[in-house]
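Presented sequentially are two complexes of chain A, the first with chain B as partner and the second with chain C.
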Partner chain A sequence: MGEFKDIAHLIRLAGVFLLGLIFFLVFRSVTIPKSFGRYGPFRGAALVELSSRPLSFAGHAACENCHPDVAALKANGVHKSLNCESCHGPLAKHADDPGNVKPVLPDVAQLCIRCHSENIAKPAGFPQVNAKEHSGGQACNTCHQPHSPGFDAGGKK
Partner chain B sequence: MILNRRQILLLLPAAAVAWDSVLADNPEGSPNYKMSEHWWGMLIDITKCIGCGSCVRACEMENDVPEGYFRTWVERYHVSDWHIENPEVDSPNGGMDGFPPGKAEGGKNFFVPKMCNHCVDSPCSQVCPVGATFHTPDGVVLVDYDYCLGCRYCIQACPYGCRFFHPKKHTADKCTLCYHRITKGLTTACCEACPTGARQLADLKNPNDPIHAFLKTHSVQVLKPHLATGSKLFYNSLDGSVR
Partner chain C sequence: MEGFMYPNEVELQWGILIVLYPFLTGLVAGAFILASLERVFRVEEVKPTYRLSLLTALAFLIVAPLPLQLHLGHPERSLEMYLTPHRSSAMAMFGFVYLWYLMAVLVVEIWLDYRRDIVRLAESSRGVKGLLYRALTLGSYNISPAALRIDDRVGWIITLIGIPSAFLLHGYVGFIFGSVKANPWWSTPLMPVVFLFSAMVSGIALVLLMYMVTSAMRRVAVDMRCLDTIAKYLFYTFVIDFALEMLDLIHRIYESDESFRSLDFMVHTRLFYSQILIQIFLGTLAPLALLSLTQMITFPAAARRRIYAIASVLTLVGIFAMRWNVVIGGQLFSKSFLGYTTYKVGFVTREGLLPAVALMILPFAILYVLIKILPPWQEESPFVAEAHGDD
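For the complex of A and B:
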């Protein structure tokens, strides 16, 4: 045992290290949020907060559930690739509570020219008009049915 | 069992894979969504963009973006036929209200929608001093608004100018790729509102996603490829003058 008689200073050193370790573990558990590292090297709760935001746009599948007639009308026309809320605006509240939240019809005078007014930078094949020359101030839906604005409806080719 | 150095090195990748399975895969509140099954990006087809600004309005409505700030915006380029390096770019109110008709002066004109590129090696997350910007396992770059100090380092680090300082939250803010929508199986608000399909959310891990066929058959480019940010915003028919 003679060779271990001076071990006391090592025990003190080990004690210091142990205290340091305990301090580190306590400090770590207090400062690092519980959800840190749950999904990866970040605060998991932040990801949950962002993924649980409420919706504004319900998505076209929700619309087509209750309005299959409009979906069918639209499916054969040139507007078939348009989603409902592209024109009608965000309607998640209406989809959640169709009885009480009624959507407002979009203003055709503004809605159509948003996409179809002439612009030099639009793709050449895209149908564009100078609204004043084209209809002389008449509302677009006098001739065009917005859900299927084919040219047979009276509109110009 | 005694392992030599070679065996330990071989075990490390296996350990890394095992660690991934230790992490949770379903975000709380989205039980049907597995993060490890998705890798999100977006396809932007410049030949289809009509500059209507529907995406910008949809983003503002979906995400409560403060007025005058943009998580996505649309730029109009006018490239004269003799000075390709200096395009004229305008984006009145981020393109939210559409664009004035523009003058036919020769050269070419086109719209370029822009937003966060959700880079794999994003400069913004690398410079954050507190780790507030993070990458989700499904490839989305997000900001932890509780961690963010508002030091604005990331805002100047983003080579695409996609970040801004939120005037009310006093933190950095940016596109979340509508993380609350894509984890519920919906597309982003901008893609939902785009009338021409110029924007399409793409899941690169889904073999049935039309993005794969598109990437094979088109000349697709990312913005500023020389910066090697690993951008996942794929532009079809991107002109060399676009910055």
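For the complex of A and C:
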């Protein structure tokens, strides 16, 4: 009995730690979302929430339905692997209601240099220019056909 | 900036606060290991610094994660590291190492060591202070010789567990850098070991300095036997630390892998002052020379005190420079090895110089409060005679 009295304070200390651990476990069970970890280290329900959000992109199939001429032109050019909405922006609303929602054409002065401004880190074969020296401020599509750039793309190169 | 940098390398992501983090953690590990010398290895000479070392370790450990919090864009989310830790994240696991060291080792060891004082102070204090001490007793006022003997035994076991824990704590900080395989300046298995020994060096130097400063402030004579012993340990650990760093350097020079030209260029230009002059000459060779002098020649006590003080300050400067050169140096060159960027410290910004200075002062303020609550001075404690009587 005497020995127990002499370790009573240690038992109290262990009790404090136990309380801390219980608090931690309760706090954890209250704060962690129920679906956490269902598919991986994230909230599983987030997938359902994200998929229920309205669509912004129509997808290139929708574009090609109404614009087969552009699709044909693009299919043979160097931009064939690019999606329409990569340059034109998300156009789900336009695809749903083509009559009333008219897309705004992209500003080529900003758009083309996103990929084609000169940078030593880019592969040497990739077309890249110093826009100021190259065009002197002229819009890129004055000379280039954006849907199929290159030397053989009818009129414009 | 010169040469070619990838776009994500131009601006440094880890600034002065991330330099401070391993520096502060290192001081904790070092101070604790010094305390354990007395407790586990029975180095009686360092006894006057035992409690001061523990309180210093606690004060710095409380502040150690704060620079990381300031670095985070959403500091409130850091708690999630404990709630939903990811096993592949080195940092998440470090959170548990930190918590283990703080709660299971340091706080328990301090509590056990101070329990007798806490009980006596709880009985003699009134008001808020009395309330605090009564809370700290956890309602147990048993300080019978048998209970204290058990405390001593348990404290010894906690210290024994504490030594590998302190090694783990700081080895882990080194691991966080050493495991970044994309960065040749950091990626070496020697990093945890180098960090650990430099931590011991800086912690010992800090406690040595704190002991001298607090003695001077209290106008009591320093125990020269204690000071000489700490200086001796500082010298020995510093020799090991320096040898390890040189080993790393020689290894890199001999290997001369594809990163070598770039790193060599950096050491000769951007890191010349902070690495060659401050870290190696001023912060390592100078204190090592001073300390080795005291080992070879017997100086008078006053001269020894001065030499120890200068050597400790230089050591702390050197170890801070080492952290700087690791953290900042590792981000100054491009992964392409074709370019170099520069680091400009902000001042009154979230990650600038001002918060860094404040975070460097904060542990001393915490230590002041801790010393007020739990006086570490054995000779002033009215209970010391009894404590020794029990042994």
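The rule is simple: the second predicted complex is superposed on the first by the 103 of 157 C-alpha atoms of A that agree within 3 Å, B and C clash if a C-alpha of one lies under 4 Å from a C-alpha of the other, contacts with A are read in each partner's own complex, and residues count from 1 in each chain.
To be clear about the criterion, contacts are C-beta pairs under 8 Å (C-beta built on N, C-alpha and C of every residue); 3 or more make two chains touch, one makes a residue touch a chain.
A quick note: this is a predicted structure, and the numbers were derived from the prediction, not measured.
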Which of chain B and chain C A:Ala109 touches, first, second, both or neither: neither
Which of chain B and chain C A:Phe17 touches, first, second, both or neither: second
Which partner reaches more residues of chain A (counting touched residues only), chain B or chain C: B
Which superposed partner A:His9 touches (first chain B, second chain C, both, neither): second
Chain B versus chain C as contact partner of A:Arg28, first or second or both or neither: second
Which of chain B and chain C A:Ser81 touches, first, second, both or neither: first
Partner chain(s) touched by A:Pro41 [first = chain B, second = chain C, both, neither]: both
Overlapping contact positions on chain A, where the chain C interface meets the chain B interface: 37, 41, 120-121
Interfacial residue positions of chain C with respect to chain A in the complex: 4, 6-7, 82-84, 86, 103, 108, 111, 115, 137-140, 142, 144, 146-147, 150, 154, 336
Chain A to chain C touching residues, read off their complex: 2-3, 5-10, 12-13, 16-17, 20, 24, 27-28, 31-32, 36-37, 41, 120-121
Contact set on chain A toward chain B in their complex: 37-44, 46-57, 59-60, 81-83, 85-87, 89-90, 114-115, 117-123, 126
List of chain B residues in touch with chain A within their complex: 23-25, 27-30, 35, 47-54, 58, 61-63, 76-78, 98-104, 109-111, 131, 134-137, 142, 144-147, 176, 179-181, 183-184, 186-187, 189, 192-197
